[in-house]
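A, B, C and D label the chains in the order they appear, each numbered from 1.
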Amino acid sequence: MIQRVDVKYLKKPEEVGLENPVMIEGLPGIGHVGKLVADHLVKMLDVEKVVELYSHHFPPQVMVGENGVVKLPKNEVYAYKGDNSPDLLILVGDYQSISNEGHYELANAYLKIAKDFKVSRIYTLGGYGIGKLIEEPYVIGAVNDESLIDVLRDAGVKFENGEPAGGIIGAAGLIIGLAMLENIPSACLMGTTSGYMVDPKSAKAVLEVLMRLLNLEVSVEDLEERAKEMERLIAQIKEMQEAQIPQFKSDDDLRYFR
Amino acid sequence: MIQRVDVKYLKKPEEVGLENPVMIEGLPGIGHVGKLVADHLVKMLDVEKVVELYSHHFPPQVMVGENGVVKLPKNEVYAYKGDNSPDLLILVGDYQSISNEGHYELANAYLKIAKDFKVSRIYTLGGYGIGKLIEEPYVIGAVNDESLIDVLRDAGVKFENGEPAGGIIGAAGLIIGLAMLENIPSACLMGTTSGYMVDPKSAKAVLEVLMRLLNLEVSVEDLEERAKEMERLIAQIKEMQEAQIPQFKSDDDLRYFR
Amino acid sequence: MIQRVDVKYLKKPEEVGLENPVMIEGLPGIGHVGKLVADHLVKMLDVEKVVELYSHHFPPQVMVGENGVVKLPKNEVYAYKGDNSPDLLILVGDYQSISNEGHYELANAYLKIAKDFKVSRIYTLGGYGIGKLIEEPYVIGAVNDESLIDVLRDAGVKFENGEPAGGIIGAAGLIIGLAMLENIPSACLMGTTSGYMVDPKSAKAVLEVLMRLLNLEVSVEDLEERAKEMERLIAQIKEMQEAQIPQFKSDDDLRYFR
Amino acid sequence: MIQRVDVKYLKKPEEVGLENPVMIEGLPGIGHVGKLVADHLVKMLDVEKVVELYSHHFPPQVMVGENGVVKLPKNEVYAYKGDNSPDLLILVGDYQSISNEGHYELANAYLKIAKDFKVSRIYTLGGYGIGKLIEEPYVIGAVNDESLIDVLRDAGVKFENGEPAGGIIGAAGLIIGLAMLENIPSACLMGTTSGYMVDPKSAKAVLEVLMRLLNLEVSVEDLEERAKEMERLIAQIKEMQEAQIPQFKSDDDLRYFR
C-alpha cells in the first residue's frame, strides 16, 4: 500500500554519509532534456539508490518491462560521493504529477528529502521550448538567489530578461521556488530545444554546463551518439517531406519521439 | 453514510476460514474480459459474499434493477473453499474509480483485503485491446515476480517483449504493482480482444488458462454460448455493412455492446 | 468561514419536535421537476427553516438578489408539522455538487440530517427526461425497499422494468441508495419530462402523487398556471418554427428556460 | 514547504496596530480592474507587507523576474495606517484559485486574516464585463448588508436590479458572501468594462468611488496615463482594422493585453 505521497528511504541519510550534497533534479519535461541529463549521470557515475517515491499523483497504471515484469510509476533518488566534485543527490523518475495540487505535494516531498540530506544547493534541469529546430542549443538559467547569477554565467549560462516569459512549470520551477523559502540557493538550467522531440543535443549542452558547475567529469559520448542518430533522423524526415514519398521508419529510429 | 473508501466486512476473515487463498480480480475494463471471467466464477462456484466495498470514487448515482429497486455502485468480494484447487477470493463489481487518485486508494483497499485474508497469490484479469477482430484470442501475461513466468507459460500464457507497451491501466495493473511492495507474487492475465465490444470468447480463453493455473474445473458453456451469439451478431453486422441495408437489431442482440 | 460540507442547525432537532417525519428532497435537476415541487411545498405550507447547508462543492460564487444583496450558494431544510399528514422535512436549494466526490459527501450530510430528525421515510423527487415533448406527464418510481412498490402503485406511480436505464444520477439517487444502508425505506419519484426545459406540468404530476402518498392537501394552482404559460410559450415557438419568422420573446416569457 | 493554504504572518496583527481597518481585495479578474486598483493603492500609499499567502491551489509554477530570479505564485496583504481615512488592509496578488474547492479554501483564509486584524468592513473590487467597448465606465455594487446600499449610492455606485445576473464568481464574491456569515458588512465594487482587455479607465472609476468611500486621496495620474495609452492603442487597432493593413505593435504597447 502506498500513501498519497510515499517517500521510502532505503537507507537513512546519516548512513549514506553525504556532505552537504548538491541536489540535481531531472524529471520528464520539455524535450526530456532534464531527464536525459539526470539519467545519464545515474548511469555513468558510481551511485547508490537511497530513496524511492511513489504517489497517488502519478498515473494509475504499471509499465511492463521487456522481461514481462511490471513496474509501478516511481521516482528515485541516487547518492553519489564526489572526488573532486561535491557529493550529489540525483532525483530521477518516470513521471511528474498528473494533478495541479500533486505538483505542490511532490515538490514539498523533494524539499523534505533535500533537507534530510542537508543539501547545500539544488540544480533543477529542463528544456526551454522555442518552437523551431535549433542548431546550437545553449543553456538559460533562472535562480532563487541573485548571488548565483555570476556563478552560472561563468559556467556559460545565459540570462535573458525574464525568460521564460511563461514561467517554469512543474517540478523544475516549484523546487527552486520552495527552496527559496528554505534558504537553499538553487537554480534551474534549461537547454533550448524545439519542444517537438526528445533532444539529446540540448541535454549535452546542459550536461556540459553542469560539469563545469560541479567540477565533474563524465563522458558525454552516449548523449553525442544519440544526438547524431537524432540528426540523421531529422535529415531523413526533411528529405521525405521534400520528396513527398511516404516512408516509415523502423521502431528503433522512432524511439526518440517517445 | 459511506466513507471515501468504505470496506464493509460481512464476516471476519478468520471466520471465513480460507487457507492462503488466491485472489482473482475481474472488474470492468477492455472488452469486459476480466469482469466476464470473475462474474462467471462467482456464478458457477459455491461462493459466499464476504466483503462489500463502496466509494466516493464510484459514479455518484444508483442503478435501477428490473424490480424497481435501486443499487448503489459497489464492488464485492466472494470466498470459495477449494476442493482440488486452492481457496479463492474473487473481487468483482460494477465500476473502477472515476478519478486518478481514486484508483490508488481503491487498489490500496483491495491489497488490505488481500492481506487480511493472507492471500498467497493474486491473478488480475483483463483484456488487451489490439484494435481489430481476432479469430483465436490468446492470453498474454505480466508478472510482479519473474519466477511466475514459467508457471504461466506452462498454462499457455504468452509473454511478448514488454507488451502491453502502454502499460496496464487501472485496478488490474495497480493491484499487482502494489502487491510487489507487499511481496505477494501476482500476475495479470490479459485476453487479446478487439477492444470494440464485450468479448466472451476472449474471456473463455482467460478462464481456460486460469483453470489450468488453479487446477479448477468449471463449465465454460455459458461463455461459449455468449461467444456464439456474439459471432452471429458480428456476422450480421458485416452482412449489413456489405449490403448497405440499414436494419436494426433487437435490444436483446445488442446487449453485448453495453 | 465554511467547512467542506457545513451543516448549520438553526434549531436542534429535539427542539423542532417533529415525529418521525418524512423527508422530501427536491434539488435542481432534469426539468427542475423536483425543485419545483419542493419549493412549492415550502411556499404553500407553514414551514420553519431548521438547517442551512453550505459546501465547497457548490460553485465558488455568490448570486445577487433584486435588492443588490448577495447570497452564498446554499441548501436549506424546512420543517412542517402535519395535521392529517405526517410531519415533513423538506430539503431544497440552489445547487447540487459540482464534483463527483462532493455528491457523495453531500448525500452523507443529507442522511445525517435525516437520522438526526429520526426520519421514517424519504421521497426524493426528480425528472425523467425522455427527449420529446410529452402531453400527459406521469410519474415513475424507484425504491430502496421492495415493500414500498405497492404503496407507490396505489398512489399512481408506474414501475417500468429497470427504468431509468441509465440509473438515477446525483442527490435523488444517492440519497435513497445511502438510505438503504441505514434501513430507511425510501423512494425516488420521477416525473416524465422532455428534459429540454423547466417543466411545471410534470412537477404537478409529481406533486399529486406526493399528496396522495402523504395524505396532504396543497393548492396546485400556481404550478398549473406556470404550466399553462409554458404551453402558450411552446405553442408560440412551434408557430414561429412553422412560419419560419424569426421573432423574439420578451424576457419574461423566457424565464422558464433558465 | 508550503501547506495547502499557507498563510505566513510577517508581523502579528497586534504588532501592526491597525484599528478596525477596512479590507480592500483586488485580485486578478475581469479586465484586471480590481487588481489595477489594489496594486495602485499599494504603490501610492505608505504600506507595510504583513502577510504572504501561498497555496497548492495556485498554478504549479514559478514566474521569472527581469533579474532572472524566480517568484512563487503568492498573494500578499499590506497594512496602511490612515490619516483622515480609516486604516486599510489591502489584499493583492498574482492568482486566484485554479480549482473550485480552492476558491472556498482561500476565501476562508482571507476571512481568517480579516478577523485576526478585526476588520470592520470589506470592499472587494472587480470588473463587470458587458461585452462591448465602453466610453464612460461606471461602478455597480453588490452588498452583503442592505444598510450599505445608501452609503455606496452616495459615493456614486449604481445598483441595477440583480446585476450581475450571472452572480459574482471567485474571491470578490465569495469573500463578501462569507463575511455575511461573520457579520462583517461588505460590498463588491465592479467597474463596467468590455471584458476583452486590461482596463485602467474602469479601474480609475472604481478608485474614485473607493476614495470617496474611504475619505482617501491618492493620485490617479498613473491610471489615467495607462488609460490614455490604452485608448491610443484601441484607436490604432480600429484604424488598422479599417485599413485592413496588417501591422504589428511593439511589445510595449501590447503589454496591456496580458
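Note that a contact is a pair of C-beta atoms (placed from the backbone, for glycine too) under 8 Å apart; a residue touches a chain by one contact, two chains touch by 3 or more.
Computed from a predicted structure; not experimentally measured.
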Other chains in touch with both subunit A and subunit D: none
Between subunit C and its twin subunit D, rotation from the CA superposition, multiple of 5 degrees: 90
Most widely separated chain from subunit C, with each centre as the mean of CA atoms: A
Interface numbering overlap (same over half, different under half) for subunit B and subunit C: different
Separation of mean Cα positions, subunit B and subunit A [Å, integer]: 38
Chain centre separation in whole Å, for subunit C relative to subunit A (CA means): 54
Residues of subunit C touching at least two other chains: none
Chains that touch, pairwise: A-B, A-D, B-C, C-D
Complex contact set, residues of subunit A against subunit D: 97, 100-101, 103-105, 107-108, 111-112, 141-146, 149, 159, 161-165, 167-170, 173-174, 176-178, 180-182, 188
Subunit D contact footprint on subunit C (complex, rising order): 1-2, 4, 56-57, 59-72, 98-99
